[in-house]
Amino acid sequence: MNLPADTILSMALLSILFSFGSSRLPGLIKVLAFQGVVVCIVPLFLDQEMSTGGIVFTIATLAIRGFIIPGCIYLAIKKVAIGREVEPIVGFHASMLVGLLLIVGASFASHRFDIPSSSISVLLLPTAISLLGAGMFLLMARRNAIAMVLGYIMMENGIYLVGTTFSVRARHIVEFGILLDVLAGVMIMAVILQNIKQTFDDVDTARLRTLKE
Amino acid sequence: MNESVILWAFALLTAPFFAGVIFKVKAFFGGRKGSPVLINYYTLFKLFKKGSVYSTSTTFIFKIGPVVSLGATATILLFLPIAGHTPVISFNGDVIFILYLFGLARFFTIAAAMDTASPFEGMGAAREAYFPIICEAAMFMILILFYRLTGDLSFSAYFAGAQPFGFWQTGGPTMFFVIIAFFIILLTENARVPVDDPATHLELTMIHEVMVLDHSGPDLGFIEMGAFLKLFFYASIVSRMILPFELGHPLLNLALFSIGVLIVYVAVGVVESVTARYRMDRVPKFVLTSFALAFFATVITLELLK
Amino acid sequence: MILEIVFLIPFFTGAAALFLPNTVGQVLLILTGAIHLILSVMVWIGQLSPMLPEFFAVTPEGLLSLLVISLLFFLISIYTISYLKLSDIRKKNIFTGSMLLFLSTMTMVTLSDHIMVMWIAIEATTLASAPLIYTNRSKASLEATWKYVLICSVGIAMALLGSVLVTVSMDVAKLDAPISFSAMTKVAGSMDPMWLKAGFVFILVGYGTKMGLAPMHTWLPDAHSEAPSPASALLSGVLLNCAYLGIFKTNKIMHAAGLADFSGPILIVFGLISMMAAATYILKQTEYKRMLAYSSIENMGIIAFGTGIGGLGAYGAMICLIHHSLIKSSLFLTSGNILLGFGSRLIDQVGDLLGRMPKTFVAFFGGFAGISGFPPFGIFIGELLIIIGAFRTGNYLEAGLFIFILCVIFAGFANNIMKISFNTTKASLRINESAGLVWPQYVLLFTSLVLCFWMPDTLYQTIIHAVNAIGGGLQ
């Protein structure tokens, strides 16, 4: 058992529950920012030795995931005065329940995998799986386009957790490329969101239905 | 054994004092001097000196309600390991017994409220019956966690001696979640802000207060006393969890315990001062949060144990 | 010279074109297209070697895609100049700049060997092409862009997870090799099969989203129909190939690891589902660009099917891949002419193509003949090989279904094409067909035709070399 890492990971799990329960976008964005920070500092507690490059990379990741990406979305909301409710398809109580079941399911599923990382931290795999599932859930269960983008970011957080901790092989430059891609993706989504807001006067995805068979 | 009884008496005697602390804290935040810390004793004396007024439409249920609820709560304290000392009575499975004693007290309070046939009291009774149901789920979740950690089903096994410290050793950070969950249960069960406002003036928005509108004199005194004891019960559990240390000497333990209890009461006062009461439909969400936290803590802890 | 220059040049010219005035940008577009074509040929004859061999390498399948991309882009850039003159696109410099950036990212996909770099490149194609789809700045195009970016990003995130899982499968087996496709194919035999399988599934779902495999295809018809025609041609002709490349390379690892029995059926099922979805929608289609988009889904289904069959089928899939790119991009360019001429995307509002736009009609009908598998064209040969391959491997039921769906699609397609070509219409024509608007399509179709009868030996060898790893070949 790795106490500091597990403590941090349980914070990440907790952020899932909070994100499912929050009905307001600014709150949801803050939860995501918190989650980004938490996820980024996990590697600091996992690696036995850390190179200077590794630390610099971790700090850069932290800045991007914890501050720049949520900041982008936050600015997008501010600029065009997007409505603050997340417009759930699945209610908050049900979402919370789903979140709990997700965590249980994830920890159950992770027991079936026999991987070297479980000796480092028991919560690592459950957290990663939960983040992935939670991101998917937000994508499906919220009509607000911004909440969907946040769901995507949550999924990316989960993948990042799987990536940094399992494969020591990937070079930092490659990791950084991935991060830049995600950042650029979120920025483009933010721009599209602003345009959607200006064109449709709402970011409710139920209005995006001109194109269908 | 003697010490246990003395501690029990200590709990009965000091509970009103601690409740007075909440008034002080709220007065401090409001910038007032506030009532004296011993205000609750004065109130109780005043009430016991008075006679009771009974509506002609009420039956004996209305009269025994307060007595039963006070009796049940006082009995519960017999099972509580105050200051980490072994309680007066303890057996395996007493946690369930205690939960249902609370249920008994609540049942009689509700029955007494319904007995008045006042629509307001019926409404309060409905709410009083609804919210604790969710609380109970959270409570049982915490009990499951404690049971998994200790293998025992009694409060003395959980909170006596050095055991709470053991929780921290095995559960680690998840104990924070348990404490927060328990604090939320405390606020809900004792009708505090943000679930219910004890100082509200409108019957429509009340939960607990509206049920006791028709009680007067000694009956009201019993109810107040029961409320103090109930709050003390929850506060002492939280106190044992946040200060899980065993200092070796009973008096030192008692001092530490009292500090813990004081912290909890101050926290309740602070919460009451800085938050507003939730809209009635938001309350279940708040209470569910405690369930979610408890559930979450259980899952994580069991994961860590493996 | 270094290999990386092939995608660096379009990257820089693209970035420059974003800020330069439109006239300069268009010159840059053609110029870069030409330089890119020359460089690709140099790669073909082995003149360029990578500076970062850990990340980039020349692989036969990448080389094929690179050549197709390069040729297509050059022709499309010529078309684009004529198209931009007639269309009412407002920010033309953004359009040309994004085209070049798009070219750069796609080239990077074809050259990347590292599994993560590949992912980065494919995600970058999504980002670079998003402005292209939003070019018209209408409600519909906005919706299409949103769907495209969100669905593809989420899908590709799955592929990232898959890539990570593939590396996990190496970690678990305690292998110490670089995580490039070529190195992994060599050590595939000793990788952990469970994680490799999981990785493959995620990569297939992820890149399959980008490739337009049903049921993850929902963004494709919207994006392809809302984008301006040159962009649609690029999206359909080249981008889908790039995504396929990711799946193909992973499939190669699966074959090397002896897990072809696992990956094959999955590919076959996805392929058939895509074809069925395409058939359903083509039959009732009311817009011709959407119809072409669904036809792309169908062809991707065919390619996935062929890859899943393996052997002769894999060779057929490669043939289909090349010819689909050539023919479908020419069709999308032609549809741009029709759109410019009639000003409507609806099949009902368009007609009498034969009488009014004869040159366009030739390109359109030729493209139709090619894409629906008329005998002399390459798609016919490819599909035939796939069917033979399916019978050889004993997939009778699947092959039967395959043939049936092809017939249904042909019927639906022919019905709509006949309407467009010969129906009477009241619409008045707005353009005349300048050389720039038809010759690129002719060249594309002609190339496709030539490749059917005479294939350069080096090209043949490259294809054989590419499909060898998954048990492909003409035997």
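Order as written gives the chain letters A, B and C; numbering starts at 1 within each chain.
Convention: a contact is a pair of C-beta atoms (placed from the backbone, for glycine too) under 8 Å apart; a residue touches a chain by one contact, two chains touch by 3 or more.
Because the structure is a prediction, the values reported are computed rather than measured.
If you compare A-B with A-C, the chain pair joined by more contacting C-beta pairs is A-C. Nearest to the overall CA centre, using the mean of each chain's CA atoms, is chain A. Separation between the centroids of subunit B and subunit C, computed from CA atoms only, is 67 Å. In whole angstrom, the spacing between the mean C-alpha positions of subunit A and subunit B is 38. Distance from the subunit A centre to the subunit C centre is 31 Å, each centre being the mean of its Cα atoms.
Residue ranges of subunit A in contact with subunit B, taken from their complex: 1, 3, 6-7, 10, 13-14, 17, 21, 92-93, 96, 99-100, 103-104, 107, 111, 122-123, 126. On the side of subunit A, the complex with subunit C involves touching residues 115-116, 132, 139, 145, 148-149, 152, 155-156, 159, 162-163, 166-170, 174-175, 177-178, 181-182, 184-185, 188-189, 192, 195-196, 199-200, 208-211, 213. Of all residues in subunit B, those touching subunit A in their complex are 172-174, 177, 284-285, 288-289, 292-293, 295-296, 299-300, 303-304, 306.
By the touch criterion stated above, subunit C contacts subunit A in their complex at residues 55, 114, 116-117, 119-120, 123-124, 126-127, 130, 134, 139-140, 142-147, 149-150, 153-154, 157, 160-161, 164-165, 167-168, 170-172, 178-179, 221-222, 225-226, 281, 284.
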